[in-house]
Structure formats: C-alpha cells, structure tokens
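Mind looking over this structure? Questions follow.
Think of it as A, B, C and D in the order they're written, each chain with its own count starting at 1.
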Amino acid sequence: MNKGRFEAFSDGVFAFAITLLVLGFTVPMHGDAKWPTDADLTRELLKLWPNLIAYALSFAVIGLMWQNHHALFRLVARVDRKTVFLNLLLLGSTALIPFVTATLGAYPTTHAATFLYGVVLSMCGTSYNLMLWHLVRSHAFDESVNARYIRGTVVAFRVGWLTYALAALVALFLPVVSFALYITIVLYFVVPRGVDKDLEPSRGEM
Amino acid sequence: MNKGRFEAFSDGVFAFAITLLVLGFTVPMHGDAKWPTDADLTRELLKLWPNLIAYALSFAVIGLMWQNHHALFRLVARVDRKTVFLNLLLLGSTALIPFVTATLGAYPTTHAATFLYGVVLSMCGTSYNLMLWHLVRSHAFDESVNARYIRGTVVAFRVGWLTYALAALVALFLPVVSFALYITIVLYFVVPRGVDKDLEPSRGEM
Amino acid sequence: MNKGRFEAFSDGVFAFAITLLVLGFTVPMHGDAKWPTDADLTRELLKLWPNLIAYALSFAVIGLMWQNHHALFRLVARVDRKTVFLNLLLLGSTALIPFVTATLGAYPTTHAATFLYGVVLSMCGTSYNLMLWHLVRSHAFDESVNARYIRGTVVAFRVGWLTYALAALVALFLPVVSFALYITIVLYFVVPRGVDKDLEPSRGEM
Amino acid sequence: MNKGRFEAFSDGVFAFAITLLVLGFTVPMHGDAKWPTDADLTRELLKLWPNLIAYALSFAVIGLMWQNHHALFRLVARVDRKTVFLNLLLLGSTALIPFVTATLGAYPTTHAATFLYGVVLSMCGTSYNLMLWHLVRSHAFDESVNARYIRGTVVAFRVGWLTYALAALVALFLPVVSFALYITIVLYFVVPRGVDKDLEPSRGEM
C-alpha cells in the first residue's frame, strides 16, 4: 500500500507534466483593433511546427520515463526515505520539462534553448541513475528478480544518461545536431533491446 | 495491478486534459488606466459564446474517449509494450485538444481553426484504431469476450474516425458545416447504439 | 473496480479544478524598463484581496462538491451509462469554476461577474440534482441504504441548488449581496446538518 | 477504502500543485518585430536563477508536506468530517504555493514577496498543526501506534510551524535572511531526526 501511494504520486506528476506540455502552444492573438484574416491565422499556426516537434519529443521522453519508472518499481520490494528523496529529485527535474520544451519550441535553433533542454534531461538521467544505484546498494529489489536483468537496466540507464549529457554539450556548438541527437536517444529507448528481453521476468505482460 | 497503473496514468491524462480546457477562457483584462464599466465586461463575456460551444464539444469528446478507453480495457487481459506505445500516441493527441479547442473558440469561422481541430481529432481516432487493431491481432482480449462485440467496436471506431477525417476535409471548404459535423459525431457516440447493447458483456453495470 | 475508475476520474477532475483556482492570481508584472519598488509590489499584492476571497469561496465549493460526490457514491451499487453522462455534465460545470472565480476576483462588484459565477454554480447544482434523481429512479443505491437518508440528501441538494439559483438572480440587482449569499450557502453546507447525522449509515467514519 | 479516496484526493492536489510550480518560469518572449539573438536569449534565461531557487525550495516544501501527510495518515485509523475540513484548509494553503513561488522568483529581494511566501507556508503549518491536534484529541490513531512517536511528531510539526512564522516576520526587516531561513527549515525536515527514527513503527519501509 505504501508503495502504491508512492507510485500514485509519481504517476500524478508524470501525467500532469505530460499534459502541461500543451502550454507550449499559444493561441495566436489578435489585437483588439482588427480581426485577423484566415490567411493570417494559417500563417501563424504553421509557424508552430517546431513547437509540435518539441512537443512530440518531450511527450515521448516523459512517456518513456514513466514507463521505466513503472518497470523499475515493479521489481522493488521496499521504498525507503532516501528513495522518496531521490524520486522527488527526479520528479522535480521532470516537472521542468514543459518549460524547457516551450523554450525549445520557440527558439529551436539557438544554443541557449537546446543546451537548456539537454541540461534538464541530464538532470532527469542523473536522478534516475542515483535512484537506481541506491536501490541496488540497499538491496531493495524483490528476491525473485534476476541479477543479470538489473545489471542490464543499470547499463541501459547509464548509456541513456551519458548520451543526454553529450547531446547537451553538442548544443554549445551545433544546436541543430543536438536537437537531432535528442530524437535519436528517444528512438533508442523506444526500440526494445533484444538482450534485455530474454531476461525480462514477465516480458509478455509489460 | 500493472494494467491498473496503465489505466491510472491514462485516466490522469484524460482528467487533466479535460480540466485544462478551461484555459480556453481568458478573463477579459482591463488596461491599468481605467476600470471597465459593468456593460463593457458583460459585452466581453458575451463574446465568449463560441468558446463555450467549443468547450462543451471538447468536454464531450474527451469524456467519450475516456469512456471508450474504460470500456475497451475492461475487456483486455494483457497490456504489452506496443499497446503502451500506441496508448501514448493516443494520449499525446488527446493532450493537444485544449490548444485546438482554444483556437477554435477564438476563431470559430476560420478554415484554419476548424481544420486544425479536425486534424487533431483524426489523430486521436487513428491512434484508437491502431491500438484496437493491435489488441485484436495480438489476442489481448479476455477469453470470455464475445467476438461479435469486438467486431462491433471495431466498426464503430472506424466509422467515428472516418467521420472525423471527413469533417476535417470539409473544414477546408465550409468551416461552419465542419463545426456542425463535429457536434453531430459526438451526438452519434453519445446515443447508445442498439445493436451493440445486446452484445455488451455486462451492459447493466457499464 | 469499474466504480473505482469512475470515482478516480471524478476525483482527478475535482482535484485538478481545485488546484487550477490558483491561476486566478497573477504575479504583478513589471515592464522591462524599470524594476518596481517594494512599495509598488506591496500595493499590487494588496489589491488581490478580492481574488483571495473568491479563491477561498471556490475552494470550499469544490471541496464540498467532492465530499458530497464521495458521500453519494459510497451508497451507490451500480454506475450505468446515464450516470456517467450526468457525471460528465457535473464535471464539465465544475471545471468552469476556475474561470468564473478568476473573473469574480478581478471584478467582484460587477453584475456580470457575480451573475456568471452563480450561473456556473447553478449548473453544477442542476447536474447534481439530475444525477441524484436518476440514481433514485434507477434504484442504483445499495440495498442497505436507509430510504430516509436518501430523501434527506435529495432535499438538501434541492435546497442548495435553489439557493444558488436565487443568488444568481440577486446578482442582476445587488452584486455584493449575491456574493455574500454564495458565502452563506457554503457555510450552510459546511455546518453538519443535525437531522441527517442520525441517519447517516456509518457517520463516525465519513 | 474511504481513507483511500481521501488520500488519493490529497495526493492529487499535492501532485498538481508541485507540477504547477513550473508556471513560475515564463518563456522569454520576443516582440513580433525582431527575432532575439542567441545572446539575448541566454541573458534572459540566466535572469531566471532566482526562479530556479524558488522552484527547488517549493518543490522540496510540497514534497515534504506530501511525505508528512503520507506518514501521518498511515497511522490514522479513521477519517471524520472535521479531518476532511482541516485537510481542505491544508490543501487550499498548499495550492497557493505556485503563486507565491512565482512571486518570490520574480522579486526575490523584496519584503512583500518574502513575507507573502512565509505567510502561506505558515498557513500550511497552521492547518497541519490543527489537523494533528484534532487527530490526537479524537483518538483517530490506530491502536498499535506508539504514543511517544505521536508526541515526537507533534513537537516536530510545532517547531517547523514556529520557524516558518518567524521567517515570515524576519521578511519584514531582512528579506534575504528570511529567504535563507526558508531553505534552512526545509533542510531541517529533510535530514532525518535521529530520536524519532528509533520510535518510528516500521522505519525501514517508509
């Protein structure tokens, strides 16, 4: 039950952060003086395509983080105070994503926006790795969990985190390449990893 | 339990998206210089009637989607990784509805706003149909579920989706007719379909 | 379980609507040119006191509606399609409260804002009464529920609804009196009703 | 189950309030006339560092309040009407935190913003202490709970509340010292209190 409330709170923040991404889109406003023509409005809406890419990217990022959270805590038997603290760090970083997504959508080719985006994703990755490290060290996993499966998860999380950090650094030199890297990392996580699948405890049922 | 967390997350996104629709209404602002008269404010508030129609329409749309989601997953025994992915696609499209609703409320007679609205609803419909198709193909339904009932659902979803896509196309020529079509489709789903009712497994209890 | 998901969705909308009330407060903005003095900021913040009253009022209103919803559905054995529909009507009205609260806070002495507030509360009351009427008519209550208790609830809901509608009408003539009436109605519901308490099935445990 | 819905509603408000903190950050906007340079954007984003500190502070504050709520209600056997009322008072104060955080982030060195922040935190503390006091007085705790543990919690809550109130008063004279005090109080609650740990009923499992 306690783990249940912990998961429900996390789910709430993930679900809410993912829904707030829509605030990155703002309705084109017309001054009081004149009603915009249909062509004006179409032009303004078409300008929002970088916002749409940033939206889809962040939706996938938060969706995957939620799914990883889900997959991880299915295997965890006990949630201690330190896990709660590290989880808050993770949620606090995740909840910043709507802001950096809106910034990325508004200024997609700038060093500033792409770097900021990578910094926040790296913060999420750091929290995730710290939390996983703490869970492993404190033997919080259920006894039935395969040790090789946990090692695989540790490696996958570390690789993901390093790539985010790298993409953030790239943003300082080549913003557009950095943006492409973010998309690549997400695709890496979306495509199921063959080797893990064999070890996944109850892989057929998610 | 896993299905439980999957449903809870989906419910969260549906509930937040439906509540964020209210952001389509903005409090009429007065410049710092002068306090508006009561008549000014009344006039400004009365101007919001297209927003109210768009709000009611989208509230019904999201409410029905939530209800369909609920009805569908009651029959599903297993949630696999692909279902989670297609569900994220659905939620990602749904979470855009507050934005397109606000745009529709602000510019109800434009081609741009009515077309955009239809595109997002069609995206929701597409995700729903893909997800249903995957569930059927992977035999994810509970064994007790009537095959004819599933076929009925498949047909109903496809009809709904085609009508949304059609209404979006109509928006390119006759925006107001398109708006009326959106309302009609919602009414089609609100009125219970006689033929399905007989096949519904536990129809008395929802 | 189905009732569980129905309640979870409703709770989500109530909890979200109550939290969105905070959007009625906007941070006093300073133009880019000059940083406001501390005295400027204090004056701007003090101007928000009507917003604070409107916030507290609406927080109590939504809180009480959630509590009534909770108390009502504890007694309900079955949730059918029509209940879901009437519940969406209730949630759709409730989700408008953040908007009318912000309007009331910004223009507390106008006919327009106090009338609009009353209209939305009356819509909530209407939905509640329709839903309760449907539940009674379709024998949806658990068999163990005392008939006198249900009658007491029906009367209390009807009285509350009539008073909201009355307060809305008063707003057309005397906005400030109408505002005071809204507060009075909330206090009426906050103070536990003696006669009902004796009939409440498990009154000690909520 | 009833306690379950009470906790779920509270969790919802905590989770939403914590996620709404992100609204304290606004995307630097460019006028229509000219696209800002990368350097402009970097400068604007760097100006947001007080917002980041305020964000982290409030995230920790709400996170800890949620954790305390969780820890407290694990020990509570019955939730009565008065507890629900005092809990709404607590949630109503908590839901104001996104607004006062945004104000603090925008004007971190003013008397007005630091005082307002302290007032809202003190309101949260007051509600918490009233609720705890009511729970103790009405013997709502589970019989298995150690009396010394409850006394320890009462003392800890009272100390926290007094310190918040003190920090609010300090804001009237030395805003920056007040800000530092808020951070100190949060750290006081984050660091586990040795003496309580021995008395905590099932300390290993949160």
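Couple of notes before you dig in:
Keep this in mind: contacts are C-beta pairs under 8 Å (C-beta built on N, C-alpha and C of every residue); 3 or more make two chains touch, one makes a residue touch a chain.
Just so it is clear, the model here is predicted, and its values are computed rather than measured.
Chain A and chain D touch with mostly distinct residues; of the residue numbers seen at this interface, under half occur in both copies.
Fitting chain B to chain C on C-alpha positions gives a rotation angle of 90 degrees, to the nearest 5. Comparing mean CA positions across the assembly, the chain most remote from chain B is D. With centres set at the average Cα position, the gap from chain A to chain B is 25 Å.
Work out the mean CA point of chain B and of chain D, and you get 35 Å between them. Residues of chain D in contact with two or more other chains: 8, 12, 16. The complete set of chain-chain contacts reads A-B, A-D, B-C, C-D.
Across the complex, chain D is touched by residues 7-8, 11-12, 14-16, 18-23, 25, 27-28, 36, 38, 41-42, 45, 55-56, 59-60, 63, 66-67, 70, 74, 190, 192, 204-206 of chain C.
Across the complex, chain C meets chain B through its residues 2, 5-6, 8-9, 12-13, 16-17, 20, 23, 78-81, 83-85, 88, 91-92, 95-96, 98-99, 102-103, 106-107, 110-113, 116.
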